[in-house]
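The chains carry the letters A, B, C, D, E and F, assigned in the order they are written, with residues numbered from 1 in each.
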Amino acid sequence: MNTPRSPFAVDPALQAEIEQFLYHEAALLDEGCFEQWLSLMTPDIEYRMPVTQPALARGQRPIEGTRAMHFEDDHRGLRARVHRLGSKAAWSDQPPPLTRRSITNVRVEPGDDNSLRVRSNFVLYIVRRSAQVDLLAGTREDTLRRVEGSLAIARRSTHLDQQMILANPLSMLF
Amino acid sequence: MDQPTAALFGSLDVDALLHERGTLDPRAYVDPSIHALEQERIFGRSWLLLTHESYLPEPGRFVTARMGEDPVVVTRTDDGTIAAFLNQCRHRGVPICRHETGRARSFTCSYHGWTYNARGRLLSIPNEARLFRCPIDRDDWSATPVPRIEIRHGLVFGCWDPQAPTLAEWLGDALLYFDLAFDAPGGTEALVGVSRRRVAANWKFGAEQFSTDGFHVSFTHASGFAALAAVNPQGDAAPFDVLNPPMTQMHSRYGHGMGFVHDLPAARAQFGANPIVGEWLFGPRLDYLVSKYGEQAREIFPLHMNFFPNTGSLWPNEVRVFNPSGPTHMEFWSWLIVDRQAPDAVKIAMRQDQQRTFGAAGIFEVDDMHNWVEAQRTLTGWQTRQRPFNVEMGTGSAEPAELGLEPVPSEAGARRFHRRWAQLMTTEREAGGIR
Amino acid sequence: MDQPTAALFGSLDVDALLHERGTLDPRAYVDPSIHALEQERIFGRSWLLLTHESYLPEPGRFVTARMGEDPVVVTRTDDGTIAAFLNQCRHRGVPICRHETGRARSFTCSYHGWTYNARGRLLSIPNEARLFRCPIDRDDWSATPVPRIEIRHGLVFGCWDPQAPTLAEWLGDALLYFDLAFDAPGGTEALVGVSRRRVAANWKFGAEQFSTDGFHVSFTHASGFAALAAVNPQGDAAPFDVLNPPMTQMHSRYGHGMGFVHDLPAARAQFGANPIVGEWLFGPRLDYLVSKYGEQAREIFPLHMNFFPNTGSLWPNEVRVFNPSGPTHMEFWSWLIVDRQAPDAVKIAMRQDQQRTFGAAGIFEVDDMHNWVEAQRTLTGWQTRQRPFNVEMGTGSAEPAELGLEPVPSEAGARRFHRRWAQLMTTEREAGGIR
Amino acid sequence: MNTPRSPFAVDPALQAEIEQFLYHEAALLDEGCFEQWLSLMTPDIEYRMPVTQPALARGQRPIEGTRAMHFEDDHRGLRARVHRLGSKAAWSDQPPPLTRRSITNVRVEPGDDNSLRVRSNFVLYIVRRSAQVDLLAGTREDTLRRVEGSLAIARRSTHLDQQMILANPLSMLF
Amino acid sequence: MDQPTAALFGSLDVDALLHERGTLDPRAYVDPSIHALEQERIFGRSWLLLTHESYLPEPGRFVTARMGEDPVVVTRTDDGTIAAFLNQCRHRGVPICRHETGRARSFTCSYHGWTYNARGRLLSIPNEARLFRCPIDRDDWSATPVPRIEIRHGLVFGCWDPQAPTLAEWLGDALLYFDLAFDAPGGTEALVGVSRRRVAANWKFGAEQFSTDGFHVSFTHASGFAALAAVNPQGDAAPFDVLNPPMTQMHSRYGHGMGFVHDLPAARAQFGANPIVGEWLFGPRLDYLVSKYGEQAREIFPLHMNFFPNTGSLWPNEVRVFNPSGPTHMEFWSWLIVDRQAPDAVKIAMRQDQQRTFGAAGIFEVDDMHNWVEAQRTLTGWQTRQRPFNVEMGTGSAEPAELGLEPVPSEAGARRFHRRWAQLMTTEREAGGIR
Amino acid sequence: MNTPRSPFAVDPALQAEIEQFLYHEAALLDEGCFEQWLSLMTPDIEYRMPVTQPALARGQRPIEGTRAMHFEDDHRGLRARVHRLGSKAAWSDQPPPLTRRSITNVRVEPGDDNSLRVRSNFVLYIVRRSAQVDLLAGTREDTLRRVEGSLAIARRSTHLDQQMILANPLSMLF
């Protein structure tokens, strides 16, 4: 079929590169390499997960006001989280849960100058204490930046598809 | 010390659950018949936190909330007062209101269209006259109202018992502590988005800890403190010296409890590490409290607290409610509240601090969840339900008849929480309002 | 009106569940002991729908089915009759038949190889003589048979009670309505594929609604009607005028109920919007019914119905069974049935119409599911179980001693459903066959 | 490794384009943009989901006869569904459930002239009423057509991996 | 034959559960009150398998284990002995040990830092003197110890009942069979990694089958045998002739049971298909056993067995424990054990053989799981709980007063398993140690 | 964006080819084509799944010793499993469960001469007896080899994220 590409045509090399970056990042979290994971963040990282609101009903205006947050970290905030995860006294994570992240539906768009806007979905499977299985899903919007020939995350905003958090304690990174 | 409670309920002897000296039968955390009785005797007549008033800024706004295990609708009515009613259509039981928050002046059931007003009063039934051919009494068939509503410092409370004491009476000698925790110049406002969690632990694990347990901090939260210290060499929120904390534990015979910092320099060190926040808390805010409550406001800086049965708070920017969800789970809702008149920078700093520490993913919160969930899970065994828990810390010291103020960590507050619980559990509902 | 039922069962007073005037205790939908008793007293002696005969076209074919919460195997035996038996090996309880449908003349248990014939009779045990050294009585150790099987218009019913009345007696004065719903020239056939759902609501929410509830339609299904109207400006399946529907509600003292369209032009408007379908239904099909049942067939066009306890149907192409699955869930199976002699175009049109409206993803069905599930979920509370539901619609009008025919919407049918339920629940099984 | 490609070699640009199209489509459903979703369907769309039958046992012949359907829509049928989802009175969807679709294992084959035969799997995570979590999975076979320089769905046949539907009410589009 | 057990427990009549001739009430597999009583009367006083000694090679090593539904910590203490205690902090019930295996000489609770030694004795409470102000008695407030520990051939057993007989007495006349199953020259070692499964079936389905059921093999495992035969034309592990197996079933009045191969050539055919394995088993290993237990060791080659209540094994390289997890589930842990002195090639061959046959994904194992899970699932019905299971196989033959040895398949072992179960279930705990 | 590719850049054609191979393999298992699946294995296949151990706590050394295995098969072992799955008497699989494999996060690295080292995650959805739903997740490390112009699996090592197996009977292939 040699008809011209549609608006959905993308550069397969760029698409594959970004996907590989996200898979690499996910594997670092699944394997507990939190320090290495942190090194993928830019120093000015904005890392957020608002408290999930109910989807709006037809015709309802959103309620005004400042949103509560599950995560709203800068680099220092993430360093604190990573420090804790490395501690023997991080009770909820010693022993660590088994986690497995599947990153799907990756969509890449050029952003400002040096950056890319990347949306992706995730399915996160978590097992604690040998038999407590939880499943989380959601979507993320990242800003990636090319830094010294490699890629780094400058902004991540995660939407978690649970209004009532069931996967407690929520000690995972997203 | 109070007399031991000896009454029986069902086949359960409260003596077997709660011994005088300070031991507690673990079955209180797992037994389905105890859980069922709690719905009637604890949640059926206590003052329960519903929501924050700022979610209901004008007539026509509503939120849904939860009282124990029961769903309610909370509304701002046209006369500006707040009302609440059971979220259940009286016809066949479908929820009257499907949304968590929004704007509405009446609520129409999705099954057959019965319509209720903002007080839950049955307004209309489609084609009633022709179809029913019998009088449908509006008094009999309106949504069950929450007969008592009170608002204090923006927190909206409800109570199912028409004969209950007032909220102030219910708080009793803990009232001042409640006021110092939640009053603020210009009032408070809640951020948008209730942080909700279903946690696999009995609600009392949370309520009791918030009442009284300052002594778990250095152990449970060791990794959190180390993490904060590591990223902030100047040291913010360092734990107190466990043996000589600048803290007092308050415990009330009505089951309320609080740990507060009892001197200003220590409070500044604890809450004012971020100078922007400190300037507000110990400047305009404190001035207001001193002018209203007197100099004692300089000696009571609330840290953790629980107002019986299940309104917990971590001062100065969070309030939460530990609702049961069966005997082995709690569903807990947490609101971020900030002082309305505080500068935006303070509000932002408080929000960011909260998510990092005691938000759902907070580095302190997750270890508390861990402890509760693991304690509950362990109770699925049989041997694990055979021997009592120890609640004896501080038993040796004299215990006051009325409000207790303990200068060092103690479980007197936990004992009082459980004794209040046993008092309500063994008092029949028909006996009239309880004190 | 019947006398109120006053007997006790266990600690539950039926008076507390079902009041004479028309109120219903919500605990009937949640209480585990009520649910347990239903298995014995309702599902243990009622006629229950098993399957459609067209799945068993010749000897050697079988399907598995469900009676209440019990699994059964239904077979076409070599003499051409249909038999059914409990799907449980008498040795250690493994299912005798693992497949949902297929061809087999005998069934061998996967654990130790006991083999049963198509009537569930124990045929052989591997090496029985040498290994057992004791007589294994074939009468004692065959699979529990379903002692009563009847087929009516292709629908296969079974009943566990050997002393039960015949199916026709069970249907009683509702028999004609059953016949007019399911009879067809040349019989009916079921499409391949049973649409099954596990729905988080007590089975009685479904059964009662199908019996009697024509008045939820305009409310619950408003969005569905609007959607159909939007894509079909000529307007198919518009809702009736709620105040003057061309409909009659039938209710039987045996607990059956139906809403039927009582005149031909209205029936044509309702069911014949698609001319291909209308031509069949009101042509050859109606001719057949009139010739068999007389002119009354022109005045009874069934729309929704439930034959007690749990055989529901939406005419003219679906039949379903509301089986319990614990007190808080139902497992419901729905079959698409079409008239065997109808032209293929009619069959296709019916199938397509059904998936769009009352299939698992049908635009009407999903809102019914919503209402039931939400009503059930609300009953996890405590306050939500304290006050009765209202079933009073139409109470004021005279109620006939026997079959009731109500020209306007009424809950008389619901009251009769619940009264029949209470009658069976309070009658001991040993008392012999019930009427 | 420069050995020749295997039978599994595909045109990476086409593969990426089709994936992007399916991700875009999934996002429209997850975000409640049902009208836009509908605009991706051709006017002659065939949209089907048969009632799931048990997998056949070794040696069993399938039972003959017409299959019952969960979905069997043409464009008009889908318009009706989309219309309903836009109504305030669509009780089961007001407020809307949170949904998240992960589209995986995309396999593209050329079809007749202008069309592509695309198979993909899905994992659909659904949250209703804040805490009722359901998970569905299945596989789809789509026929995509190049229409005016873009892509459109001309046929979708979905196999849902649940014989007993547990995720009720089943008001989602697939 | 023993007298029938007639005592009542709760409202349950054991006669209704277990009839003399050999029928069994299926409610024994589902009833919550039976399950609760089992925790006290079966698991509260039987010898239970905890772990294999090789996981605790030196002082300071620990593993966590499970006794019935209770979590325990098992340690190698500084004096080299093994100790065990309930994994529950006596303060508020958080597990004392969070890890499944590791190295530790003391265990600190994560909630408030109570610290216990390797015997579960309370060592310290942070700041106890100052905070508690009351004596915390170490005897009262240590972790509940498992008072009885015995090790036999590397298998570590524990028992909650201080008055229980010794392990050897508990095994009684089955002791020799235990020894021949688990003794080995130089002892055994367990592979790293406990294979755990939660299976939706009552634990007794597993325990009973392993005791006695050699006759399911040819049916249940037909596909597994065919698969092995297909890939190995020389035929390994072919099933025995069902009518004339070279096997004897042992059954003990203490509820233990075993199927063993009773002649050497048949044993070689069964276990020695792989010559590497055969050389070891029937060479050095058999020599050792003969020298220790005499010539009878040549006539007892254990195949399947269960030591009452729940220690099952498939000789020669697996041991497992069927722990309850509620009435409808079991949690079962399986260890691979190999003879320490066996050549590496034998160990590898045994490991590979085990994963293929009776590992979690083994081609035999999966069909056993299937049968148990399906039998349990069927018991969610009501009719399915009304009629007894048949346990009559072999009833006709004479039954010995003491140890039974049956040359052909029989369910005598199952009857004895259930009779022992009923004996314990109907004997009060206070009555002292049971035999 | 024309900046140079990062270390995450890959050959999109190779990436797509390997993904297609894995999707094809997964579909064979989901569709019950076990013999065809077996033909994708090299004669010297090593197929392993160790018993999942708890993730190690900070500072703990792993316990020494030989690992127990859920799977440790050579070609003959897999042949036995496939033979059983084709039998009418494979009770746990007659009727077969519905299964759906989503293969995600595929990462390809060159291996020795002719081979590729491929890591991927999986989400496996299983439905037995119409309503018993299980969900498994994990990660795999495969060695793929180019054989006669096509691809074959020479080694698969699967890590299953469940210490306590909940999806019993575990009769699936991975």
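FYI, contacts are C-beta pairs under 8 Å (C-beta built on N, C-alpha and C of every residue); 3 or more make two chains touch, one makes a residue touch a chain.
Keep in mind it's a predicted model, so treat the numbers as computed, not measured.
Shared contact partners of subunit D and subunit F, listed by label, are A, C. Using CA-based centroids throughout, the chain positioned farthest away from subunit A is C.
Of all chains, the one whose Cα centroid sits at the greatest distance from that of subunit D is E. Centres computed as Cα averages put subunit B at a distance of 45 Å from subunit D.
Averaging C-alpha coordinates per chain places the centre of subunit A 25 Å away from that of subunit F. Centre-to-centre, using mean CA coordinates, subunit C is 47 Å away from subunit E.
Centroids built from CA atoms put subunit F at 32 Å from subunit E. Among all residues of subunit E, those that touch two or more other chains are 98-100, 110, 196, 198, 220, 367, 370-371, 374. Multi-chain contact residues, meaning those touching two or more other chains, occur in subunit F at positions 12, 15-16, 52, 54, 57, 87-91, 94-95, 102, 104, 123, 130-131, 135, 163-164, 166. Inter-chain contacts, as defined above, occur between A-B, A-D, A-E, A-F, B-C, B-D, B-E, C-D, C-E, C-F, D-F, E-F. Subunit C makes touch with subunit D in their complex at residues 54-55, 98-103, 189, 191-200, 220, 222-224, 226-228, 230-232, 331, 335-336, 347, 351-352, 355-356, 359-361, 363, 365-367, 369-371, 373-374, 377.
Residues of subunit D that touch subunit C in their complex: 49-54, 57, 60-61, 63-73, 76-77, 79-81, 83-84, 87-93, 129, 132, 163-166, 168-172. Those residues of subunit C that touch subunit E in the complex are listed here as 36, 39-40, 43-44, 67-71, 86-95, 98, 109-113, 126-127, 130-134, 136, 141, 144, 160. Put simply, subunit D touches subunit A in their complex at residues 12-18, 20-21, 23-24, 26-27, 30, 32, 86-88, 90, 94-104, 110, 114, 116, 123, 125, 127, 130-131, 133, 135, 146, 149-151. If you check the complex, the residues on subunit D that touch subunit B are 89, 91, 94-95, 130-131.
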